[in-house]
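Below, chain A partners chain B and then partners chain C, in two separate complexes.
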Partner chain A sequence: MQSNVTFPSKRLMLSLFVCSVMPVMLMGHSFLQSDNIFSSLVSIGFGIIFMLLCFVPFYSIKHRSRLDFSAFAKNTSQTGFLFVSAYYCMYFTVITVSFLIRFCDMFVSGVNPSANTKVIAFLILCVCVYGASKGINPLSRVSIFVFAFLIIAFAVIFFGNIKSFEFAPNSTFLTPDFSNIQSNVADCLIFAFLPVVFGFNSTSTKNLSVKQPVIITLVIFGTLALTLFFTDFVTGAYSVQQPFSVHLLSRTAYFGDMKGFDSFYLAAVTACVFVFATAVLISVSNCIVNTSSKRTLLFVAIIALIMFVLFVCADSYSAVKELLLNNIFLTVLNFISALLIPGIYIFIYRRKLYD
Partner chain B sequence: MYNSLKENIATLKQLFKSSADFTVREMDLKGKCSIKSAIITIEGMCGKDVLALSVINPLLDYHFDCASSDEIFDTIKNTVLTSSEIVEFTTIDEAISFSTSGFAVLMVDGCSRMLAIGAQGFSFRSVSEPESEVVQRGCREGFTEPLRINMTLIRRRIKSPDLVFETITSGYSSNTQMMICYLQNSVSKQILKTIRKRLENCNLKMILASGYLSEYLEDNSSKSLFSGVGISERPDTVCGKLSEGRVAILIDGTPSVIIIPHLFVEEFQSVDDYSNRPYYAAFIRILKYISFFIAVFLPGIYTAFAQFHPEYFPTGLLVKTSDSLSQTPLPVTLEVILITFIYEVMREAGLRIPKPLGHAVSIVGALVIGESAVSAGIISSSTLMVVATAAICSYVTSALYPPIMVLRFFCVLAGGMFGLWGIVLLTCGVLVNMCSKTSVGVPYMSSLAPFSWRSMRDVFVRAGWKSLSKHTIKVQKFPETEEM
Partner chain C sequence: MIKKLFLIPFFAIVLIFSGCSNSNRIDTSSLVQTITAEDKSGKTVYNFYLLENSEDVQSISVEAESLEKAVVSAKENYIPMLTLSKLELFLIDSELGEKTLETDIKYISRESMISPLTYTAFSDSKTLQLFSKDKDALKKVKEHILLLKNNAKGLSVTSLSIFNNFKGENNGYLSICYISSEKELKADIVKIVTQK
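So, the complex of A and B:
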C-alpha cells in the first residue's frame, strides 16, 4: 500500500528529468537530422514552448485545487472521467511501449543481437509493476540515486570523448536553413509526455512554484542540445551510419588505456527506462484506483500485461511498430493528452476550479 | 495471598510443581509470642551470604515486642532488614515474578503482605568488550545478560534525570523483563507511544533474544531484506543514539540492545568515527560504502561481463579471464554460485565448530578450495579471487551481512541470466523497496532519500565536532516522517 506523505515538488521534477534523459540517450541517427544550427535551435525552441504550454493546464489545476488532474476530473464528473481515464490508459500504454521498443532496438543493435526483446520487455514491466505498487514518493527517492549515477555516466562519456571533440562545422552549419523543421520539431515535441506524468502525480507534492516547470523544461532541452552538439562534433559523419548516437559516444570514450564505457551507458539507460515506465504505471494506477487501495498492484499488473501484449504486436507487425515509433503520431497524442483534454476540463469546470 | 503462612507456602509449592530449586527457610521469630515466618528463594538465584547477612541473621537476632502480625511485618520492613532494596506486594503472581528474578520473598504468618528483598546472587558473565563490535578508541565495556547491569552501564554515561527506564514484561511463559529506555527531552512522544503499543501487542510465548521482537517492532509495510531495527552491544553507541531521540529496548538475558528507529546510513557509522580525525573518519566511511557495493555487485558484474559482455573487460584482463574460464567445466554463473555456497558453508562451520577444531577448518578451506580445486580445474582462479574479494568486503559492514549475502546471490543470478541490465533492474527494484521502507514512520533511507544537506555532515564524511554540535540531529525531525 502506498503512503500518503507529501514530498517536495522539486523531487517530482527530478523524476521527470530522469525520465527525459531516456529519449535523449535513445535518440537515433535521424533525430534532429540537420547540419544547420538554426534549424536545430528553432526546433528546440518549439519544443520548449510546447512543453511549457503543456504544463499550464496541470499547473493551474494543482495550484487552484491542490489536486492532480485525475482527482480533479473524478470530482467534477464521474461519467466523463470514465471516458477520460480510458483514453489516458491507452495514451500511457502507447507512450510506454513506444519507448520500450526504442530501448529494445538499441539493445539488439548495440549490445546483444541475439537477445529476445520480449523477455527484455516482460522483465522491465515486471519490475516496474512492483515499483508502481509503492507509489510516486518512493520512485522520486529512487530518482535521486539514478540522477547521481547519470551525472557520473555523462561525465565519463563526455570527458572520455573530449579529446576527440573537433569544432569543424561544414559550410551549411551557420547558414539559415529551415527545410527540415517539420520532422525536427516532431522530434522535440515527444518530450511533452512529461507534463502529463506530472499532471497525474502532483497530488502528493508540496511547495510547487511556477519556476519549477520552467527550470526543468530549460534543463531538459539544454541537456538535449548539449548532447546533440557534442555528439555531432565528436562522431561527425560516422554517426550518420550508426543508430543511437549516445551509445556510439560511450563506445568511443577513453581515458588513457581505459577504453569503452558503454557499460555506463547501458546501466544509465536501463535505470532511466525503469523510472519512466514506473512513473507511467503510477499515473495509470492514479487514473483507475485510489492510491491507498490494496488492489493497486492487481490493476497495475493488468495494465502492464496490456502493454506487453501491445509490445508483442509491435514486435511481430512492422506496421504497428512504425506507428508507435512515429514522432508525429506521438506529438498528436501529446497534444490531445496534455493540452486538449485538460483545457476542455478547465474551460467547462472553471467555476469549480476557481471556487 | 492468604493470612496463613502454611497456605501461602502450599500454594506456591503447588504452583512451582515442587520444583527441586524451590526452597523454603522457615523461622520462629523471637518475641512476646512465637510468630512463624518463611523465606522463599529459588536455588542459585539468591546470594547465600547476602541473604544470611542482611535478612536471616537480623531476623533471628531481633526481639519483637509487637502483638499483631501486621505490626511485626512493619517492624521487619522498616527496622530489622538491612537490605537496600525492599518491595512490598500482596499477590501470588508478584511472588512468582520476584522469586524467579532472584529476590528473596519474606512471609509472616497472619499477614497477607509479603516482602521482596533484593539479594540476587546468580552467576553471570562479567562486563567485557563485545566481540561483534570491536573498536580502536572507544570504551571496552559491553552489555551483559542481566538487565540491571546494562541499565547501570547506560546510567553511568548519561548522568541526567532526563534518562528514563520503563519496565515492561513480555512473553506469557518466560515473563521476560524488558526496559524501554529514552531521554525525556529528546524522544518523540509519538514514536514512544507506537513502540509501547507494539510491545504490548507482542504475544510470544518466550522471548530469549532481541531478534524475537524485531518483527513486532518493524513497520507493517516493511517486507524488506534490510532491518528497520538496530542492534548494539555497546553502551556508548546506545547513549549516542538516545541523544538523537531514539528509543533503546533492553531485554533481560541478552546483551543485544534494540535501538529504534534505525536508518540505512547508520550501518556505516561507528564509534571510532567520532574519536578519529574527521579526514580519516571520512576516508573510512567512504571505504565502507565502496566495500558494500563491491560485496554486493562484484560477483554479479563479473558473471554478467564474462557471460554476456566480455568486451567490457580491459584487454589484458580479458585474455587472462577467458583463459582461466575456458579450462573449467562449469558455466561461470554456476561456478560463482558454487564457490559462494562453499564459502558460506565454511563460514557457518567456522562459527559453530569447537575452537580446538577451528584450525582444521581453515586448513581444509585453504587447501581444498584455494589450492586443489583450482589445480584440478574445477574452478578458475579469477572466479575464486572475485568471490574472495567480495567476501572480505562484506565483513567491513558486518551488520549488513545477511542482506549482502542474499543480494549477492540474486545479483549473480540476474547477471548470469540477463547480463548487466538484469543487475540494474534488480538494483532498481531493491532501491524502490528500500526507499519505501520506514522505521516507526521515519524513512529508512533518510539523509540520502529524502536528501538532506544538513545530514550530509555525518553520512559520507564526519564533520568536526564544532560543526556537528551546532545542530543536534533528532530522528523525528527527518523530513517526510509519517505519523504511525
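So, the complex of A and C:
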C-alpha cells in the first residue's frame, strides 16, 4: 500500500539483500552443479549482468518520474495496467510459492520429517498478509534487525568452518568445463526477482543513486560466491549427499566443544522468508488501482489464499512442484517481468517519462 | 487495539496446540549417542547406546548387514521413535573391515538428521564391550580421538572427512583412528587403501 512517508532507498536495498539471502541459504546441492571455477564464475558473471540490466528500467522510471513502476503504469493507462497487474499477481504468486516450497522442503528434511508443510505455509502467509498491511517502510525497518542477525549467523557459520577449510581442489576444478552452463546460469538468474520487488516498492524512497543497485548486486553475488566457496572446500563431496548445502555448512561449524549451529541457520532463513513473502505481498498490494486500504488488504489476503492453494497443488502433484522449482522457468518469468514489460512501457510512454 | 489484544493470545494458543502431540514428543530415551558395530561369530551386530539419563547403560542390539538395515530394524522392533540426531560416536570393529565402514559412512552422509561431525573410528572388540559397562566410555574415547587429531595431520575423525577422503584423491589411502584397550584405552592411526 502506497504511503506518503518517504524513507531512504538504502533501506529498501537492505530489504532486497535480506530477500536475496533466502535463495542463497536454500540452495540445493544441485545449485551451480559444476566443480569448476570457470563455469561458476561465468554463471555468476551472467547473474550480475542480468540483474543489473533488470534494474535499469525500474531505475529509469524512478529517476525520471519519482514513481515506482506500478504507480507510473497506473498513471499512464489504468485499463492497460489491469492486465499487467494480473500478470504480475501471477508472477508474484509463482515466485513466492517456489521459495515457500524450498523452505518447507528444507524444514522437513532438516528439522522435522513429520511436519505438516501446509500448516507452515499457511502460517507464514497469514503473518505476511498482516505484515503487508503495514507497508514497505516498516518492513524496511524490520530488515535492519534481520540484516544484523544475518551478519551474526554468517559470521558463526563461516568462522565456525574455518578450521575445517581445506583448499584442495580436484583436477577438474581448474579445467574449463561448460557442460552444465545452461542450468548454472539459470541458477544465478533467479535473483532477478529483486529488481521487480524494487520496481513495485520504490515510490516512497528518496535519495536513490545509481551506485545503490550496483553495490547491492555485487554484495548479493559476493555472498553467493563466498557461500559456494565454503560449501565446496569445507563439505566437499558430502554436500552432494544432502539436499541443502548451507544447512549442512551450519551443522559442520564448531567452536571448540560447541558444535552444530543449525539453529542460527534456521532462524536466519525463516526471518528471510518472512521478509521476502511480506515484500512480495506489498508488491501485490501495489498492483491494485486506487482503492481503500481495507479493500487492498482483502485483495492481498485473496492473493495469499491463491498462493496457498498453489502450494497445496504443488505438494500434491509432483509435476507442479517440478515446474515451480525449475530455475529456467523462473528465469523466463523474471525476464518478462523485469525487462520485457517495463521495457515496453518505457518505449510506449517515453514522452511521458521524459517530460 | 482490542483486536490485537485478542488476536495475539489467540495465535499463541493456536501455535502451542498445533505443535503439541504425544506422538510427536521426542523421548530422551530414544536419542542415540553411540553406535558400535561388532563382529559376533561372523555376524554383524549393531549396538545403539541411548542418551545417558540413569545409572545404568541403556542399549539395544540388532543383528543386521548394514547400519541402514539396523536402524530400520531397531525402529520396527524396539524403539519406533529412535532418533540419531544426537549421535556422537560410531565405532566399527576392525574385523568388519573397510567395506562396512564405507557402506555405513555412505548411509550416515545421506541422513540429514545425523551430524556430519560424528566421530567415527575402528576399534577392537574389547573397547566395544566397554560401552555396555562404563557410562563414561563415550567421553573417554572422544578425548583420545581429539588428542590424536590434534597431534596428527591428515587424520580423518569425523564422518564428513572420512566420506570425503573415501571420494577424494588423497594419495590412495585414508587415515582413521583405531581405538584399542588391551591394557589401557589407546588411540592409534590406521591407514585404509581407498584407490581402486
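Convention: the second predicted complex is superposed on the first by the 347 of 355 C-alpha atoms of A that agree within 3 Å, B and C clash if a C-alpha of one lies under 4 Å from a C-alpha of the other, contacts with A are read in each partner's own complex, and residues count from 1 in each chain.
Just so we're on the same page, a residue touches a chain if its C-beta (ideal position, glycine included) is under 8 Å from a C-beta of that chain, and two chains touch if they have at least 3 such contacts.
Worth saying up front: this structure is predicted, and the values here are computed from it rather than measured.
Asker: With the two structures laid over each other on chain A, which partner does A:S263 touch: chain B (first), chain C (second), both, or neither?
Answerer: first
Asker: On the A-aligned overlay, A:S60 touches which partner chain: chain B = first, chain C = second, or both, or neither?
Answerer: Neither partner.
Asker: Would you sort A:T76 into first (chain B), second (chain C), both or neither based on which partner it touches?
Answerer: Once the two structures are laid over each other on A, A:T76 reaches no partner at all.
Asker: For A:G131, is the partner it touches chain B (first), chain C (second), both, or none of the two (neither)?
Answerer: first
Asker: After the superposition on A, what does A:S85 contact: first (chain B), second (chain C), both or neither?
Answerer: A:S85: touches no partner chain.
Asker: If we overlay the two complexes on their shared chain A, which of chain B and chain C does A:T223 touch? Say first, second, both or neither.
Answerer: Touch partners of A:T223: none, neither chain B nor chain C.
Asker: Which partner, once the models are overlaid, touches more of chain A's residues, chain C or chain B?
Answerer: Result: the larger residue contact count on chain A belongs to B.
Asker: Contacts for A:G110 in the overlay, against chain B (first) and chain C (second): which applies, first, second, both or neither?
Answerer: After superposing on A, A:G110 lies in contact with chain C but is clear of chain B.
Asker: I'd like to check the shared interface: which positions of chain A are touched by both chain B and chain C across the two complexes?
Answerer: Comparing the two interfaces on chain A, one with chain B and one with chain C, the shared residues are 112, 119, 123, 260.
Asker: Which of the residues in chain A end up touching chain B in this complex?
Answerer: 1, 3, 5-7, 11, 107, 111-112, 119-120, 123-124, 127, 130-131, 134-135, 137-139, 141-142, 144-146, 257-258, 260, 262-263, 266-267, 270-271, 274-275, 278
Asker: Of all residues in chain A, which touch chain C in the complex?
Answerer: Listed in rising order, the residues are 109-110, 112-114, 119, 123, 164, 168, 170-171, 235-238, 241-244, 247-248, 251-252, 254, 259-260.
Asker: Under the touch definition given earlier, write down the residues of chain B that touch chain A in their complex.
Answerer: 221, 305, 308-309, 311-312, 314, 418-422, 424-429, 431-433, 435-436, 438, 443, 445, 448-451, 480, 482
Asker: For a test of understanding, state which residues of chain C touch chain A in their complex under the given definition.
Answerer: 15, 18, 24, 106, 109-110, 112-113, 115-117, 160-161, 163-164, 167-169
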